[in-house]
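Below: a set of structures, written as structure tokens.
Each of the two complexes below includes chain A, the first together with chain B, the second together with chain C.
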Partner chain A sequence: MSHFLSPLFQAGFFTSDAVHTALIIGTTVAVVAGALGVFTVMRGQSFAAEAFGDIGTTGGSGAFLVGVGPLPGFLIFSVLAAGAMELVGIQRGRGRDLATGIVLGAALGLAALFLYLGSTIHNTTGAAVTILFGSIFTVPTSTIPLVAVLAGIVVAILLVIHRPLLLSTISPEIATARGVPVRLLGTTYLLALATTVALCALTIGSILSTALLIGPAAAALRTTRRPGRAVLLSALLGVAAVWLGIVLAYDSYWWSAKHTSWPVSFFVVAIVFGVYLLSGVPAWRERRRTNRTTG
Partner chain B sequence: MFSGFMVNAWIVASIVAVVAGVVGFFVVLRGSAFVAHAIPNGAFAGAAGAVLIGTDAIVGLGVFSLLGALTIGLLGRRGRHDAVTALALVTMLGIGALFLSLSSEYEPAVYSLLFGEVLGISPSELAPTAVLAVVCVLTVALVYRPLMLSSVLAEVGEARGIPRFGIEIIFLLIVALATTMTVPVVGTLLIFSLMIGAPAAARSFTDRPERALLLSVALALATVWAAIALSYSTNYPVGFFVGTAGAVLYAIGRLWAAVGRRRRPATPNAAPDTTHPPERHTILT
Partner chain C sequence: MSGGPAVEPAEVEGSAQDGPIRPDREEVLSVEQVNARLGTRTVLEDVSFEIRAGEFTGLIGSNGAGKTTLFRVILGLTPASRGRVLLAGRARSRRNPLIGYVPQKFLLDPDMPLRARDLVALGIDAHRFGIARPSRWRRERAEEMLAAVDALDFADKRVGLLSGGEQQRVLIAHALIGAPRLLLADEPLANLDLRSADEVVALLAKIAREQQIAVFISAHEINPLLPVMDRVVYLAAGRAVSGPAEEVVRSDVLSRLYGHHVDVLHVHGRVIVIAGAGEDLHGHELRFPHAETDP
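Right after this comes the complex of A and B.
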């Protein structure tokens, strides 16, 4: 991972194919994650977003075992997990994290088994580490169509269900009273989330997947109360973080004499975290002002 | 199965199970499963950092789990708790990725931190684990009543002068302490499964907090012992058995509660759902 720029550094930033691919995939993923993330944060399902990354990794290592590509394994396991979470009770506020936790615990146990079996057969543990940290610069150009198709599916689902989903997120009672199928919507949303995480984790790693799903959305929701605006702002913030992260990671190669470039995931996560902290500033100043006038 | 290096494994695993049973009980009671996932996983970055600067991994784990706990606590006061937990986790993982890329000799060790090496515990790890475990359980014992009240009925707790925010910070620090102590010996994945599976199952079997706490510890011990025995005889990883046992125990607990509810629909004690008001009162007594 530390030398992923060495074949490219003679070429400039804008002529490098790896950077082009990274920018295209990064932008697509950031837009989808940013948009869906708003619903994830509003529904309080950040843990599920994070868990799908780990659960999918189990599927990925299982697929590795039977000799299939990681994506089918990732998707199948995520979809099964989404069903299991729904069954255990992710739709109830109080048991939400517990439902995710139980499913995640079982999946992690399976991951340990798969990796053990994988290491006895193939003598490597590399798969899990690669999926965890993934590198946007090593994504092959040939994955672009697949990424585009999956992103298209998620966006299409969101376009169809966003209005009733929003209602059932803000007030499940009113939604039920109006005849909105709340549970069905919740499951559909979970499936969209699972697909998005698969898309993100396999291209940019599961750290960035969670970061882009939660960070920009949480920051956007602190700045605006309108869901539509939050979706736009969140997607924009995500894209900006990815672009800036790619540029910084590319440049970091020249920062030290040893020429070891810093990982993109570090930069993007740092930017996302910074943006989240900044998004709290207006509310903080508001609180200070009211404190001063009242006290 | 009980000779040589296996003795250490049995002792350490039992200590870890007791701590996981106690701390996990409050994790489940407070609905903080995400925190129990985030702090151990994020703390791995500290271990990577410790390797980078050449200190003991446990120091790095300790520093990062404390930092993670404080970040989650402070930011969670104003923001959405789960979103803040996710952000704290990915930030720590991002820093971990940076440390890894700088040292580049660490990947096999990552595997052992994630999945643990229960069967490869050295005798020198026994003493620090035992000390941290005692500190952890004593801390819980010290704040037991306010922690219990605040976890079940935060509003009533505040009315009686128990600060919700203070208790939250103390709780997060306890999780951080449990993490520091358990991750080097059993790995992040195993400790998470132990902290969730056994306590969640225990709560389905009884409504009384003391009984549930004891049951939680007992189930965690049973899980770990069975997992080590099975792992010893089949050679499959311990984490697989612990993870599966957690899910199976929880499923049995849910079935038990469902059957109990059907048999005695009138008594509120039979309901496993904590949001049910009558049950909250039984927990207070």
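Right after this comes the complex of A and C.
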């Protein structure tokens, strides 16, 4: 295999520990983000996800300041943000843009302070890029168990609540009338979302985290008419983007004479964006056809 | 309109009087002296009526008369501050499989990955947690319901791309698939053109007759329902009077309900209710919906 694919896979790709770790974590996160992202897009909560990413940045920077890995920081802060959001009810009201914007700005400002203080204490400078834009090749292998546990929790939550969640996404009125605890379900889902955003932040950086969550899901929703298939397709697209991103980033080391690799996050986000644009074509055609027959 | 003894035109005295139309049929819904408040405002006051299997009942009242609140009380979403609601002779439980519900103003995003048949199938058990195994029975049952509402032509289209009338039919199938005894539809004719409205009314009448389901729909306009309605529950300012349309929609009865003089005019088989002059006129929907389609 490596024979005819050798132009794609540069020397050392399959033997590198960093690549192994990146592939394991990237695949796990892409599956979880793809599946959950379908609900995020359907519920129109992409902005909540973005907010968790921003607030997670503060957590990741704080973790750097105290000298631990970023994932616990991302996780704690985005879960706290989910709790606050639920208390304030931000997920419903759209008139809260202003308050949300100011809070998110403050969170990022705090992140800037933490990153500055951290780099003066630890005498390193790469942390800002790692936290904001991700650096999956530098994630230690020891992070894998935590990633697996968090991913398992999100998947378990989805398996349990996906049907009533879908029903309450379609119509909260119908769901309530049928005895679905819509509010509790919304909160549970929001916690799963916060966890997923933290995982995405570890993979492609906190600022870019929503790209992996929303992009594949949005593309899948445009492509298929069935909810189950949308979840499968979204996860598949996410995994494909992450794998291709990792391969290209690894290869990019040899692209220039200076031997500097481009960031994985750039490739992943660029691929996701391309897939999203492509996915618009059939949906656009379908709508045009429908308009023609009904109008 | 078959079966049952001939109806004696009974004198309707006050709001609580309610002559049983078809005493031989089973009582599906019984609302007994219900009061309901929203905050400090009394929205329903001493509302009593009953609905029997196979009957088509219209809940008529202007905007703000308490129609949606009455539905919410029947569904158990708003508590009655006095009185009680019985379903098939028993006190209603939180989630009642005896009721199929079609909410008001249903608008689904065109990007929602949901075919009409998926939405119908969700009516079976989407309120349950955990995984549903796809089965032939589910598919056939959904197919049956789609056929019952004449929706097979667009069964594989995205629900969000269907017209208002088509979505309404799919929602009715979604509500019916759980084999309810009572079908509640909140303003199903709102936002429909005249032809779609007539089609939906005819469909609901057919369902009541053929499946022996009690159909109870709210509307602010009585005329589309007149040809098929067995009973009307007329709401004004939170009080109700019910009975066969010809006994309720009369100047003397409605004047007592409104507490001031009300004119009821019959023009070309249509009924026009003039619920007062000046400000009262603004409070009541006054329209001539089918004037153009009259032969």
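What to note about this one:
Keep this in mind: the second predicted complex is superposed on the first by the 216 of 295 C-alpha atoms of A that agree within 3 Å, B and C clash if a C-alpha of one lies under 4 Å from a C-alpha of the other, contacts with A are read in each partner's own complex, and residues count from 1 in each chain.
Note that a contact is a pair of C-beta atoms (placed from the backbone, for glycine too) under 8 Å apart; a residue touches a chain by one contact, two chains touch by 3 or more.
Model, not experiment: these values are computed from the prediction.
When the two structures are aligned on the shared chain, A:Tyr276 is found in touch with chain B, with no touch to chain C.
Legend: residue contacts after superposition of the two complexes on their common chain; A:Val160 is shown touching chain C, with no touch to chain B. Within the superposed three-chain model, A:Ala230 lies in touch with chain C and out of touch with chain B [touch as defined at top]. By the touch criterion defined above, A:Ile102 lies against chain B but remains apart from chain C after alignment on the C-alpha atoms of chain A.
Which of chain B and chain C touches more residues of chain A: that partner is B. Contacts of A:Thr210 after superposition: chain B is touched, whereas chain C is not reached. Once the two complexes are laid over each other on the shared chain, residue contacts for A:Ala177 go to chain C alone; chain B is not touched.
In the superposed pair of complexes, A:Val268 makes contact with chain B only, with no contact to chain C.
When the two complexes are overlaid on their common chain A, residue A:Ala111 makes contact with chain B while staying clear of chain C. Once the two complexes are laid over each other on the shared chain, residue contacts for A:Ala49 go to chain B alone; chain C is not touched. Shared interface residues of chain A (contacting chain B in one complex, chain C in the other): 41, 44, 221-222, 283. By the touch rule above, chain C contacts chain A in their complex via residues 75, 77, 94-95, 99, 101, 103-104, 106, 108-115, 118-119, 122, 125-132, 156-158, 161, 163, 174.
By the touch criterion stated above, chain B contacts chain A in their complex at residues 28, 31-34, 36-38, 78-80, 82-87, 89-91, 93-95, 97-98, 100-102, 104, 107-108, 110-111, 114-115, 189, 192-193, 196-197, 200, 236-244, 246-247, 250, 254, 273-275. Chain contact summary for the complex, chain A toward chain C: residues 38, 41-42, 44, 159-164, 166-167, 170-171, 173-180, 220-222, 224-227, 229-230, 283, 286-287, 290, 294.
Interface residues of chain A, counted against chain B in their complex, comprise 1-2, 41, 44-47, 49-51, 88, 92, 94-98, 100-113, 115-116, 125-126, 128-129, 132-133, 207-208, 210-211, 213-215, 217-218, 221-222, 260-263, 265-266, 268-270, 272-273, 276, 280, 283.
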